[in-house]
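Each of the two complexes below includes chain A, the first together with chain B, the second together with chain C.
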Partner chain A sequence: MLGSILASGLAAGAIYALVGVTYNTMFSTSRVMSFTSGQLAMLGGVFGSMFMLKLGLPVIAGFVLTLVGCAIIGIITEFVAVRPVLKNLDQHLYVLSTLALALMIQQVAAIKWGTEPQPFPKLIGWGSGVWDEKFWLPVVACAATVIGLEYLYRRTLVGRAFLAIAEDNFAARALGLPERNLRIASYALAGVIGGIAGFSGGELLLAFFANGALLNFYGFVPVAIGGLGNNRGAIIGGIALGLFQQAANFLVGGIFSSVAVFTLFIVVLLAAPRGLFGSATARRV
Partner chain B sequence: MGISRRDVLLGTTGALGAATFSRPMPAIAQSEPIKIGWLAAMTGPSSAPTVGFNRGVTFAVDTINAAGGVKGRKIEVITRDTQGDPTKAVNATQEMISQLKVHGIWGPVNSGEALATTPIMARAKMPDIHPCVVETLIDPAKFPNAFRMAPSNSQWDDAVRNYCLTILKVKKIAVFGDTTGYGVTAVGASVAAFKKDGADVVYQANIDATQPDMTPDMLRAKNAGAEVIVVWSVATSMEARMFNTRATMNWDVAFVGHPSLASGDIAGLIEKPANWEKVYAVGYKSCSYDAAGKLPAKSQELVDRLTKANIPLNDTLLWWIAGGIDAVELFAKAVEASGSTDAPGIIAHLNTLSKYPGYFGNYTFSPSQHNGYPTDEIVMSAANSAKSGTFALAPGYA
Partner chain C sequence: MTSVTVTPPRSEPSAFRAVLPQLVPFLCVFAVAMILPFVSNDYWALIGTRAAIYWVLVSGLNLVVGFAGHLAIGYVALLTLGAYTTSVLVAGNVMPAVPVFAALPIAAVVGAVFGVVVGLPALRLRTFYFAMSTLGFATIVTQIALAWQSVTGGGIGIAGPEFPAPFNTAWGYYYLCIGLAAVSTWISANIAHSRFGRALVALRDAEVAAEATGISKPRMLIAIFLLAGALAAIAGGLFASLQTYITPDAFTFDLSVLFFIAILIGGRGSILGPLLGTIILTILPELAAPLAAWSTFLYAVLLLVIVLVIPGGIAALLDFRNRRPLPSNRAILPRPAALGDIVRKRAGGKTLSLRGIALSFGNVRAIDGLDLDVAPGRIHGLIGPNGSGKTTTLNVISGYYAAKGGTMTLGDDALPPGMPALRAARGIARTFQTPRVIGEASVLQNVMIGGTIEGEASFVEALLSLPRHHRDERMLAAKARGLLGVVGLETLADVRADRLQHSELRFIEIARALMLDPDFLLLDEPAAGLSADEIDRLAALIKAICARGTGVLLVEHHADLIFAICDQITVLNLGRILAAGTAAEIRSHKEVVSAYLGA
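This part shows the complex of A and B:
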């Protein structure tokens, strides 16, 4: 039983963590919580299944095209749902605009892809039981993404520019950084991360249009637990959420596990409103 | 007394009016088509059954009209695509009653729509035949115009329970459903009925259909000693995950339950074909083939006719097509027997049917019983045995 809890808990947690990082990546350059994050992960599964099973492309080609597709959706999000409301961030119009776009993505997926879950192909074929690739693949993908992001942010000029924008976009603009282009790039990057979440979790979650709404919520929980904009917090929060959820599934049954997750979520927010890893930012007055 | 221009006008108008009133109206009524409204979810998430039903409807109408119609009157089917949306179904029903003046309505074909349309049709006393499973849709006192020509959910439940207890001869039952309203209601009813029949329900659960791993509930059912798992859900992904989990657990337990266990979607979701063995879904005698691969004679005759008419069977279920044919023929026979398209006559005729031999089943209605499908014609099918819309009988049937 412990093996099953760990295997499925880590797998689900890794997917939630990646969706949390998707939220954070979009937030860092725009200060917008984009509720298209879960839909990007859903599209990762749907695009992957479409390219590999429907169109018969090899895994590598399917993977690359999936990421390109998700990056394009990420960019569309920036143009359609984020840019028009940036001047009125204090009115939180982005909640409406990103939710509306998320709903559109979901409806189009339902119409074009179908409302029944579709199979997602075996990618490698390694492992069985609790070592089945559907369990370890999301964990590996999550680890690789974290390492890649660390490299990007610490070792590359573009990554440092992202950090500069995230820290203080007025100062960054004053220094001559192309804030608008960097924001577009960060949304494309968020699309790629969401795509990786959906693609690596495709065997577990299947290619299903309704996964978007589910991942929107379960991806938001680690962001809230870990602290907004804090990727390490999102990773730890996501993994913890997955393990807690699966343990609750085993101990109290699936129908009550959602209640357990909501309870934990509320308790954590009451105890630490800025998240477990968040900190109050200094504000010059 | 002189005749004025006004007198001439009045006289002429009166004569024309009298001529109009004395025109032979019955002759028109006898030649106008029999109009059947068809509330069809042709598109949208629940379109698959409708596509099958529609093939039967079209086939029946073409056949009857080619043979001269019903006492010389052609059948005209007026279809409205409700997309599975109760609001659209309500609008289409109102249109059919108020503007199109149909003589009877076939459908809708899913319970969500029917819950909204049935009271409207009842107020208009519109004869309605439908195949929806929700129990409350049939109530001869409240809805004397509504007739069900497919099993109700409790009839499915009876058939499943009968198969588990008398054919599989198991006593320890696990009952699973999803977390939808249907899943919760169906699991509750199934558990109560099993207990009433003396079975030991060792585990019951409503599972979120999006839960990626079914191991927790399957493990609990196994540890509780379940000898069979009864499933009430339409979520094929959940069902496929259960089959895959059973294989991973090396557990040789049978699944019995909802017709969706035999859905073609499951073939793509299971990890290997063997995972779909020992799964028995609700099916029907008329659409099941025996160990020799033979359908009942009447069904085979229908299949031959459909094949000759180039109607595809490999992407749908035979009972959907047969049900569509039966619905149209029931209306046609009612008009023929009652001699008119008046609603009271059609309803009165339907209430007299006893073992009316349709293709899908032998229907019986009475003024106090509008569940027309006989429970003893519901059987279990081997879920993975689909062949041209029919299934193999599950083990245990003679």
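This part shows the complex of A and C:
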């Protein structure tokens, strides 16, 4: 049983962590938390299943097209729900605009794709039991994404520009960084990360429209635990959440695991509103 | 109708006339609801009943979302809870069966308790975080309903409660729901138009200022979460009966979306707007079959359009009064002489003393061993270069910062560090460097907020519109009008505050602070942005306030104003006292002149 807990916990945790990183990637360049994060991961599964099972494309082509599709949705998020409300960020209208867009995505998926969970194809076919690919694929995808992001942020000019904007938007603009284009790029990147989460977790979560809302919540918990904008915190928080949830799932049963996760979320937020790895509160007066 | 309260009455007949234009739309909606049975069929009875039930929930949720500004997007959870509680109690599959009219109040109590549980995170979390926590709650309630088969019937479901005659026909039940909807409207309107409703809006738009007037955020929020939870659970019970049979599938997240979006489409801070929003959103999917399948998509599009194009919602579209232009050549003409009729004269005696106050931010010593005495009936000036710790001192006194060292006393009593919401009760009022007023409320309402803690009626009394509540409202409105006269803004009393000029906002803040009849008034750069004439009038006003026995602590950069009216002056530099004494002493103080005033 320990093996099952570890395998499914790490797999679910990796997916949650990736959705958390999706939140953070959008947040870093725009200071906006978007309800489309979980929907992107849902689309990763739906697109993957659509391209490979419905249209019969090979895995590589299906993977690339899925990521392209998710990147486009990410960019649409920026244009439709983020850019128009950035002017007065303090009114928090983004909560509503991104919620509206997320609902639209979910509804279109429900109507065009169907409201029943649909199968996701086997991608490679290695391993069985607790070593089944549906368990290790998300973990590998998460590790690869982390390494890729580290490379991007530390070794490339674009990545450093992302960091500069995340650190201090005004200073970065004063230095002449193309803030708007970088923001669009970061939303495309967030789309890709969300797509990877959904695609790698497709065999575990299936292609199901309601995954969007679920992942919105389970992906936000690591962000809340790890502190907003902190990718390391999101990864640790995501893995911890996955293990915690699956342990509760195996030990006390399904409903109590969701109650436990919800309680954990509320307790962490009330005890440390900025997250366990977050920074101090801003000045009010 | 974006405004938070109807203008409270000075005498009864005129009160009725003032309220009437705002009542008419509600009476029209009610009249249409009453006529509906005679002009339509059972199909419309179902839709009408559904709209009425939704409104019972939305009327309470509106106080949370529209007034308090908390984005509770998962309220379907409380509808579910109410539906199952009522059904289970009536079915008697857990304990002896209960008649439905007893089950509904029990469900309301359960709903109220869980309303607080769902709402509690709002005390610390805002916006997205709170939205997420309500979303999470909505997810787990459905899962529990599915899994707890012995009670809820799991996926198979449970029969909804049946109401006795005459409510067991389509139209009979319709009238019952319309009646309850009317009561909910009345209750939520009473709260919205009370000092509690104003306090909620104050916490939403000017939280810091609300704390300074003594509004306790936890108490306010818990009260409305109780109410909203109870109404949602009652709506749930009615919903279960309308459905005749409930399964977890009946409570989709789409319902939450409908409730939430009805309020935003209606416009925040309004009751009529969300009412119309609820009716529109309930009817819309019925107009055409494709609309029904795509209803959530449609709601989402509406939400996006509202957010991006008309953030004020229907209420802003209907708010004709605030589109009339204001006179452009208006002047603020305070009448300090009238102060005596309104503000209680202070016996005086207590002195506000600071001894050795110290506070650091990181390695910066913002205040370093400050001694200060503000005596009643005197004006104490606090001056110094930028960053010398003047505003920080005010913030320590009003409790926004807790000093790391030193003591504060008020007369013989110690003034505890921190706890800004307790300052108003101790007679300390203040204004802010950047005026913190509620843009969406009228000038009069902004001033009335200053007197929130003076009200005597409890939340329940306000909810039921009992006499004590009316007495409070009359007292607060009369006093606020009087004080607007004192600061010279009475002609603008009914105008939305965000339409005013900066200098007028400064005087509103002073009027709001005076609502407390303060022993001590802390003014943070009240003359900044005022014209020379206005500064002279401000000086006369401050002197008059002081003459009533109030001690004034004045932070200012206008040296002329300081030297003209202050009895005592303390000069700060880098958090330390550079000099202290009378105006004449400071004016000739060598270091002050070289460091700050200039030769």
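The rule is simple: the second predicted complex is superposed on the first by the 280 of 285 C-alpha atoms of A that agree within 3 Å, B and C clash if a C-alpha of one lies under 4 Å from a C-alpha of the other, contacts with A are read in each partner's own complex, and residues count from 1 in each chain.
By our rule, a contact is a pair of C-beta atoms (placed from the backbone, for glycine too) under 8 Å apart; a residue touches a chain by one contact, two chains touch by 3 or more.
In this text the structure is predicted, and so the values were computed from the model without any measurement.
Q: Taking chain A as the common reference for superposition, should the pair chain B and chain C be classed as clashing or as fitting?
A: In the arrangement built by aligning on chain A, the partners chain C and chain B clash.
Q: Counting only touches as set out at the top, which of chain B and chain C does A:Leu270 meet: first, second, both, neither?
A: second
Q: Quick one: is A:Leu214 in contact with chain B, with chain C, with both, or with neither? Answer first, second, both or neither.
A: Both partners, chain B and chain C.
Q: First (chain B), second (chain C), both or neither: which does A:Leu204 touch?
A: First partner only, chain B.
Q: Contact-wise, after the overlay, does A:Met1 reach chain B, chain C, both or neither (first, second, both, neither)?
A: first
Q: Of the partners chain B and chain C, which touch A:Ile255 in the superposed model: first, second, both, neither?
A: both
Q: Contacts for A:Leu86 in the overlay, against chain B (first) and chain C (second): which applies, first, second, both or neither?
A: neither
Q: Of the two partners chain B and chain C, indicate the one touching more residues belonging to chain A.
A: The partner with more contacted residues on chain A is C.
Q: Tell me the contact category for A:Gln107 with respect to chain B and chain C: first, second, both or neither.
A: A:Gln107 sits against chain C, while chain B stays out of touch.
Q: For A:Ala224, using the defined touch cut-off, is the partner it touches chain B, chain C, both, or neither? Pick first, second, both or neither.
A: Only chain C; A:Ala224 stays clear of chain B.
Q: Touching A:Ser97, do we find chain B (first), chain C (second), both, or neither?
A: A:Ser97: touches chain C, not chain B.
Q: Looking at 5-13, 59-67, 149-157 or 437-445, which bit of chain C clashes with chain B?
A: Clashing stretch: 149-157.
Q: Starting from the residues of chain A touching chain B, keep only those that also touch chain C in the other complex, and list them.
A: In chain A, positions 214, 253-255, 258 sit in both the chain B and chain C interfaces.
Q: Mind listing the chain B positions that touch chain A in their complex?
A: Per the stated touch rule, the residues are 45, 179, 205-208, 210-213, 215-217, 219-220, 236-237, 248, 265, 268-269.
Q: Which stretch or stretches of chain C touch chain A in the complex?
A: Interface residues on chain C, with respect to chain A: 71, 73, 120-121, 124-129, 131-133, 135-137, 139-140, 143-144, 146-148, 207-208, 253, 257, 264, 293-294, 296-297, 299-301, 303-304, 307-308, 311, 391, 395, 400-401, 432.
Q: Within the complex, which stretch of chain A touches chain C?
A: Residues in contact with chain C: 33, 80-81, 84-85, 91-97, 99-101, 103-104, 106-108, 111, 213-214, 216-217, 220, 224, 253-255, 258-259, 261-262, 265-266, 269-270, 273, 284-285.
Q: Sort out for me which residues of chain A touch chain B in the complex.
A: 1, 4, 8, 11-12, 110, 115-119, 128-129, 204-206, 208, 210-211, 214, 246, 249-250, 253-255, 257-258
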